[in-house]
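Next come two complexes, and both contain chain A; in the first it sits with chain B, in the second with chain C.
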Partner chain A sequence: MVDNNNFALKTNNVYVHYGNKMAINNVALDFPKNEVTSLIGPSGCGKSTFLRCLNRMNDVIDSCKVEGSFIMNNTIDIYRDDLPIENLREKIGMVFQKPNPFPKSIYENVAYGPKIHGVTSSQSELDDLVKESLHRAGLYDEVKDRLTDVATGLSGGQQQRLCIARAISIKPEIILMDEPCSALDPIATAKIEDLINELKENYTIIIVTHSMSQASRVSTKTAFFHLGNLIEEGDTSKIFTKPDKEQTNDYITGRFG
Partner chain B sequence: MSNIKKRLKAERRFKFYGQLGVFLSLLFVTLLMLKIFTTGSGAFFRTTIEADVFFDPKFMQVDKNSSDKEISRSSFEALADSVVNNNFKDLNEGQFIKVREMFTRRFDYQLRDYFLDNKDDYKKTVKLKITASSDLDQIVKGNYPRNVPEEQRKINDYQLSILDELNKQERIGSTFNFWFFTNGDSRDPETAGIWGAIMGSFYALMVCLAFAFPIGLFASVYLEEYTKPGKITDLIEVNINNLAAVPSIVFGLLGLGMLIGVFNMPFQVPLVGGLTLGFMTLPTIIIACRSSLRAVPPSIRHGALALGATKTQTTFHHVVPLALPGTLTGTIIGMAQALGETAPLLMVGMVAFVMEIPGGPLDPATGLPSQIYLWSESAERGFIEKTSAGIMLLLLFLILMNLTAVLIRRKVEVKW
Partner chain C sequence: MKEHTDKNFENRLTAIRDQLSEMSAVVEKQLSLALNCIKSKDSDYSITIQNLDLQVDDFEKAVRDECFEVLTLHRPVASDLRLVFTALKVSKEMERIGDHCRGLSNKAITSKSDLDPEIIEALSALGRSVLSVVHEVFDSLFTGNIEKAKESWRRDLEIDKLYKSILKTLIDKMEKNDSIIETGTQHILIAKSLERIGDHAGNIAEEVIFNISGQYQDIEKIRV
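Right, the complex of A and B next:
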């Protein structure tokens, strides 16, 4: 088996309830370090809910109850009471479905995270970090002359790459992406996918996607969810060629979902 | 099929009712405005009588070398009387009193103010336009009928004959009434001004803003961003909405009972008036702030939270700045409402006769609406046009404030 140290995050016995409604039913899923894992499944299958458990974004929803064990780097229980949620989110970043840059300048968007966490000690260091983050997100060349322009003036794809730059500016270990391309056109989507392929060198990426072709293009591991259950997980190549389960096969061949 | 005619007829009938309603309401507004403007425009001009003024040492306690302070303290009453005697020859005592009454009672002040600026005219004769008394002013403006029996007129036949004589000599004139904009209240309509009331309202509104805006903003931020929905939140919400509908006189009573009664704050001052208006405006501000906070998309909050910002950082770095235009708009509209409120001012005593211009929120003052109320209650004919002119100014301020609110809303609209 694979060495334990190679997992960035391990989850076990995960149950999520919205009020009385069960959204996730006994899921156990591990995420290998510096790889891309995609979560696929039909709408309402719980894949986004599961993703949001990983940086505790579900805490915002009052009726949402999360149970189970979430262990990061084999040591840190991310639901531990004495772990400040802010520190956790510094380690586990997130990119949302709809690009949500702050209606401030491009520079401010990227600089915000480092500022609140006190990552940099000087203005020039911050400038460099902003530059580097934009560079890594493949956006720097497009915006270098207008860093002070308001970010909402960028195109959808640029906004989403800005959100990725914002997420990596605080150097997280894991990046969660919740259908990051669903609001984008194919060209912008292709750019984001290229970016994901580059980013996995340094980060563990967990991506929720509706597009099976996207999952097969970007990820090394795929997990298929249905009605709150984890039906099957495994190497992407295997899931998309000879899945073990009938349900998985039906889904990837487009027979339902 | 058969009832289509009937249905179309009903359609036309209801359309007609609607148009009639719009027409009538526009008609009433137009009539109101017309009435206010025709009545009030007179207040911006005052009638003057040209007179030769000889700065006669015999009647003056000061000369051209006197200091401003000495001049300000000295009386010009005797000089004013001498001007009347010089310009209207051979008056007996009764006639003198009647002629003197045609000039403003502040005749001496006007002479003093002139002398302060023109000390070199000492022992010289100059032609000055002396303000007429309000009664004469009203006759000249045609607001008083002349053709009624003498005992029903404030200006008697003798004074009318003098007026006609002055008219013939072209010594009756009209000048722009700056006093209306610079003076405080006065017993004499010709010298009464609205500046004191404007300053009173200004200080009261500043106190109201300083009190209600921070409290309203923080209350709504807390209610909107921090509390969990539940019975208590619902109860608070319902109560705030109810408070917004409470008649203003009730808040006036609160101000009277609590601020003046319990906390022993002074009567008549803008501080208390402003706090009372603040109680009244608070629910309006909270409601406006909450709705603009709610209009900030959750994705902005999520973006900040996902970066590891605390709730307070998310709120004050992102949500509140984005909601600010909306909160400012709501606040200005609340202020405009407060500016027009009369009842709370009446309850806390900001409706007294105050001649001095208030210099701060602790000086006795009236407010714009209460000044209008005071003038409307006055018996003097000259105050009628002052009342309308006051209303015009009040409306002007209200329009300006609401316009500012609209402009802020248009200008600072955020694109998502």
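Right, the complex of A and C next:
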């Protein structure tokens, strides 16, 4: 019997429409706690749309209509009307394709979230949290002597790790990543992937990626989307050795015709 | 299955399949000629088998090199990865079958003709069974027929029984007539080579089942 407590987020009967166009068609997908789940599929398959549903990023798009069940920790309906969006984003953070640090200092980038959400009660506690978050993001040693420097002066890979530090500074439970390495070189990518592997001890991570090899390297679960449908999901090792569906096999082996 | 969008990758996988196919044909020919040697002791057969063995060795190296390049340059996954993995292992098993053919043909043509015809016939029958299993397992590899692969795996048991029967008969005869010990021993080694070829066919069947199903299966369960 499946233990529901092992899932950070469960989704069911998910439909997403942009106007009359269906983007997600009856998807049910559950995300195990402290694991990394990759969402893969060709452009336009709905994987990013689905990811953005998971912390209600689509709410700001007028034409976007989201239906279905999104239950966090087996109790919280994340689309509940009386749930403040900022409280939801405190629990479900997001890292975007392009690093997007605030035009502020490195310190302020990480401290901003905890200040807004009142995570800390004193300056020294905030200092410690900033330091800890930068540590966890594998960035502290590289920036410890220039915390007051403007964050946009960092390299692309450092900026992305800063964004991860910013996301984890408010102690979320789930981190959503939308192609977090697509703008990075192989070394910066390897550092982020290594970081993802470490972060899963404390967080549930859901990552959208176009890189099949990245999905196979970083995730324990993989879900394959095509034309808004969830074609197959399962253990990453199984998906990349013997997927059940021929459509999955065709996609991951490069048979796109 | 659809073709790869990357034609170079598709061509390389096709090359691996084609090389395995050609290799299997040469190995089957070697085995067929080796069985002729048991009866006829014609040294021409042995020379041909040795020449074919050089081809088999070259095929094994070619498959190995092609698989290595495909792994390095194309990083195959799923069905492609299983194909490359299977090709590497099956080509090695085929190469070993070729070695056994060469060895047993040498023994057959150099041994004396002082054994009962019934022993030679029993060895030939064992050889025919082995050839049939080898043919069946190659067929399962290229047609992707998992049931045929399982069947050839089961038939390896028949080969083991025939081998044990020949072994017992030869030992009994050698105990009664020590003048045939040298020839008897040669023919035990020939029978052992055939039995080992059956084992290699069983190993290939295991790889065929993995290639199709993605799992290694318990041989004993399939045999039951």
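Observations
FYI, the second predicted complex is superposed on the first by the 255 of 257 C-alpha atoms of A that agree within 3 Å, B and C clash if a C-alpha of one lies under 4 Å from a C-alpha of the other, contacts with A are read in each partner's own complex, and residues count from 1 in each chain.
One rule holds for everything that comes next: a contact is a pair of C-beta atoms (placed from the backbone, for glycine too) under 8 Å apart; a residue touches a chain by one contact, two chains touch by 3 or more.
If you're wondering where the values come from, they're calculated on a predicted model, not measured in any experiment.
Overlaying the two complexes via chain A leaves chain B and chain C side by side, clear of any clash.
Across the overlaid complexes, the C-alpha centre of chain A sees chain B and chain C at an angle of 140°, to the nearest 10.
Judged by the touch definition given at the top, the superposed model places A:Asp127 against neither chain B nor chain C. In the superposition on chain A, A:Thr253 makes contact with chain C only, not with chain B. Once chain A of one complex is fitted onto chain A of the other, the partner contacts of A:Lys242 are limited to chain C, with no touch recorded for chain B. Contacts of A:Ser213 after superposition on the shared chain: chain C is touched, whereas chain B is not.
Contact with neither chain B nor chain C is seen for A:Glu142 once the two complexes are overlaid on the shared chain.
Legend: residue contacts after superposition of the two complexes on their common chain; A:Glu173 is shown touching neither chain B nor chain C. Once both structures are overlaid on their shared chain A, chain B and chain C have a minimum Cα-Cα separation of 34 Å. The residues of chain A shared by its contacts with chain B and with chain C come to none at all. In the complex of the two chains, the chain C residues touching chain A come out as 1-6, 9, 75-82, 213-215. Those residues of chain A whose C-beta lies close enough to touch chain C in the complex are 212-213, 216, 238-243, 246, 248-250, 252-257. Taken in their complex, chain A has these residues touching chain B: 55, 57, 60, 62, 85-90, 93-94, 96, 98, 100-103, 112-113, 116-117, 152-153, 163, 166-167, 170.
On the chain B side of its complex with chain A, the touching residues are 228-229, 297, 299-310, 313, 317-318, 322, 414-416.
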